[in-house]
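Each of the next two complexes has chain A plus one other chain: chain B in the first, chain C in the second.
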Partner chain A sequence: MTSRLDRYSTYAALGLFSALAIYPLISILFLAFHKKTDNVTGFSLPTTISLHTFTAAWTEGGFAKGMWGSFLVAGSVTAVAAALSLLTGYALGTMRFRGSGLWFNLLVLGLIFRP
Partner chain B sequence: MTEASREAAPASTRGRPAAGRPRRVTGRAPGEPHRIAYLFLLPGLVAYVVFTLFPVAQTVRLSFYDWDGITSKTWHGLGNYRELFDSTEIRAAFGHSVELILFYAVFSLAIGLFLTALMMHSHVRGLRFFRTVLFMPQTIATVVVAQAFTWIYDPSGPLDAFLRSVGARSFAKVWLGDFTWALPAVGLIGTWISFGLVLILLLAGAQRIPQELYEAARVDGAGFVREFFAVTLPGIRNELLVAATLTTITALRNFDIVYNTTSGGPAGKTEVPSWLMFHDAFEIHRVGLAAAIATVLTAVISLVALGISRFYTEARQ
Partner chain C sequence: MIPLYYDFQDVHLSGTYWTLILPQIGQSVSLGTFWMRAVFLTTPRSLVEAARIDGAGSLRILRSVLFPQVRPALLTLCVLVFMYTWNEFLLALVMLQGSNNTTAPLGLSYFAGVTRSGDPTKVAAAAVMVALPVVAVYLVLQRHFIRGVLAGALKG
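And then the complex of A and B:
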């Protein structure tokens, strides 16, 4: 059984690092709520919640078009990559043939080159 | 003609006394080796050669030329490499990368190990909640991360506001524009991104350690530190190897964070090889030199990855 002090210090450390992990994300969310004209300084909470920036992202930023492009790329890449690696993985995983280790290493080498 | 097709078509081998003879004993299982496997490999291999190996080979070839990307190439021999090793700017960029390993790999591994040790030592509630929150930085697009931290490091941003509020006014500065602090500031973004991934990997390994080992350690009177070195650390060796390799590679090829926060500034203090490569190829049109940097960087990353796995195999024996 671990002591109460142990447990509290664990909670404290986990809480601290969780706060550090989440803070930048919250700060950018708060920034989004501010009006364009607001001069944001420090860690000020937005006094009024303005959703103007979100509509602007869709109308001026072309968010919808960009998102659709992302889906298209993600979808086709996943489909093609899954089909190709399914065949390759099946052969490498279930069959024994000359040079299988060599082929496997050659394909794994590609991981280094990824941007 | 291959051996398999000869075996499959005995009728075509006229003149041979095939009938009634027992099958030749080869010492292999029937149907092996599977030559059909090459057919399965073919599509993946073709895509791999076309989209990965060929561009890499092309890059290596380009590194021996002097080329602005538009007019015709001229053979430059090892000139680009000579320039690379002579240039203090490029050498400094590789040095910055090494410094970033400290932040991306060493710091995040230290934090990950510490939190894993804590979580294994005392059973806390809401483990799943903490795991999710701590992993969140990994899931955010790096452009957004860079944007958030540009704001945090801004002189009117939260970090300086915090420092002023606790009375450390003299520490407040333009973090990303400071000659000494810009690189550590960029590096800490890397720590922030990496430590969640490291923690998830290490925790996955640690949760497979049999509970009896912890009980035994406690019966023997092991404290937090002893328990960590005797039980947790040996149990997560493989996960540590994976985490170390991944974070080191991320540190070495870091481009997006630098590009979206400092763009190499101030005065080249945060320039890294990937950024220089991009800059040389697309901004000052020295494709040959950029290709040389890319080649050297790839070689360095391969060597480092190999070195880490070597180190681990030796440590295990």
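And then the complex of A and C:
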């Protein structure tokens, strides 16, 4: 059994590091809930609870089209790549055939040379 | 990346989403093959042999015997590939320049250029919106993700 001190110090360390990881994300999220005139520097709690900045950013950045494009690209790449990887992994992982080592190395070359 | 751009120009595909989809499929299959081969190597060989003796063909073995075992790892791969593809910025910036097509991270670059001294709150809102789908996909597949990452950590 671990002692109580052990457990508390573990929680303290985990809490500290998760706070370090989450802090910048939260500060960006809170920044989105401010008015332009607030002149925010760093972390500050939300002043306006409205989605105005989000809708404005959505139209200005052209996100309707951008999101659709990203979903199209990411979705099709994920589906096709997963299906192909399942088959290549199956062949190279469970079967022995001539040139399997060569095929594997050729495919893994793609990890080294990025386009 | 520059030769790739001219290659796509040669086959009259420049500016379309194909210029993003095709190279990234190639890239992801490299990672995926490496990943799935390692997973399939951990599946017990005797299982395959037993199925073969029972008269199952290669595809039947994959579908009925091995697929249930590698499913967590495959879903983990899906999350990773989706994340990498969603966050791809440079390729999209080069390939889609001067076209009507765009991606979400490219929408972010609009705020970096035109309104740099503008409104930081809008930039923050845009960043949150672009990050949201990846977070959503991660949350949905989180259980599998952790299970997949741990798979093969111990040999039983």
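Just a few scattered comments:
Here, the second predicted complex is superposed on the first by the 96 of 115 C-alpha atoms of A that agree within 3 Å, B and C clash if a C-alpha of one lies under 4 Å from a C-alpha of the other, contacts with A are read in each partner's own complex, and residues count from 1 in each chain.
In this section, a contact is a pair of C-beta atoms (placed from the backbone, for glycine too) under 8 Å apart; a residue touches a chain by one contact, two chains touch by 3 or more.
Keep in mind that this is a model prediction, so the values were computed, not measured.
Of the two partner chains placed around the shared chain by superposition, chain B and chain C are both touched by A:85.
Of the two partner chains placed by the overlay, only chain B lies in contact with A:98; chain C stays clear of it.
In the superposition on chain A, contact is made by A:73 with chain C only, not with chain B. By the touch criterion stated above, A:32 is placed in contact with chain C alone, chain B being left untouched. Once the two complexes are overlaid on the shared chain, A:24 sits against chain B while remaining clear of chain C. By the document's definition of touching, neither partner reaches A:59: not chain B, not chain C.
Of the two partner chains placed around the shared chain by superposition, chain B and chain C are both touched by A:107.
Once the two complexes are overlaid on chain A, the chain A residues touched by chain B in the first and by chain C in the second are 28, 31, 40, 80, 84-85, 87-88, 90, 92, 95, 107, 110, 115. By the touch criterion stated above, chain A contacts chain B in their complex at residues 2-3, 6-7, 9-11, 13-14, 17-18, 20-25, 27-28, 31, 40-43, 80, 83-85, 87-88, 90-92, 95-98, 100, 103, 106-107, 110, 112-113, 115.
On the chain C side of its complex with chain A, the touching residues are 1, 4, 17, 20-21, 23-41, 43, 45, 48, 58, 62, 66-67, 70, 74, 77-78, 81-82, 85-86, 91, 100-108, 110-111, 115, 119-130, 133. Residues 28-29, 31-36, 38, 40, 53-54, 56-58, 60-63, 65-67, 69-78, 80-82, 84-90, 92-95, 104, 107-111, 114-115 of chain A are the ones touching chain C in the complex. The part of chain B that touches chain A in the complex is made up of residues 32-38, 40-41, 43-45, 47-48, 52-53, 56, 111, 114-115, 118-119, 121-124, 130, 133-134, 136-137, 140, 144-145, 147-149, 151-152, 156-158, 161-162, 192, 195-196, 224, 249, 253, 255, 298, 301-302, 305.
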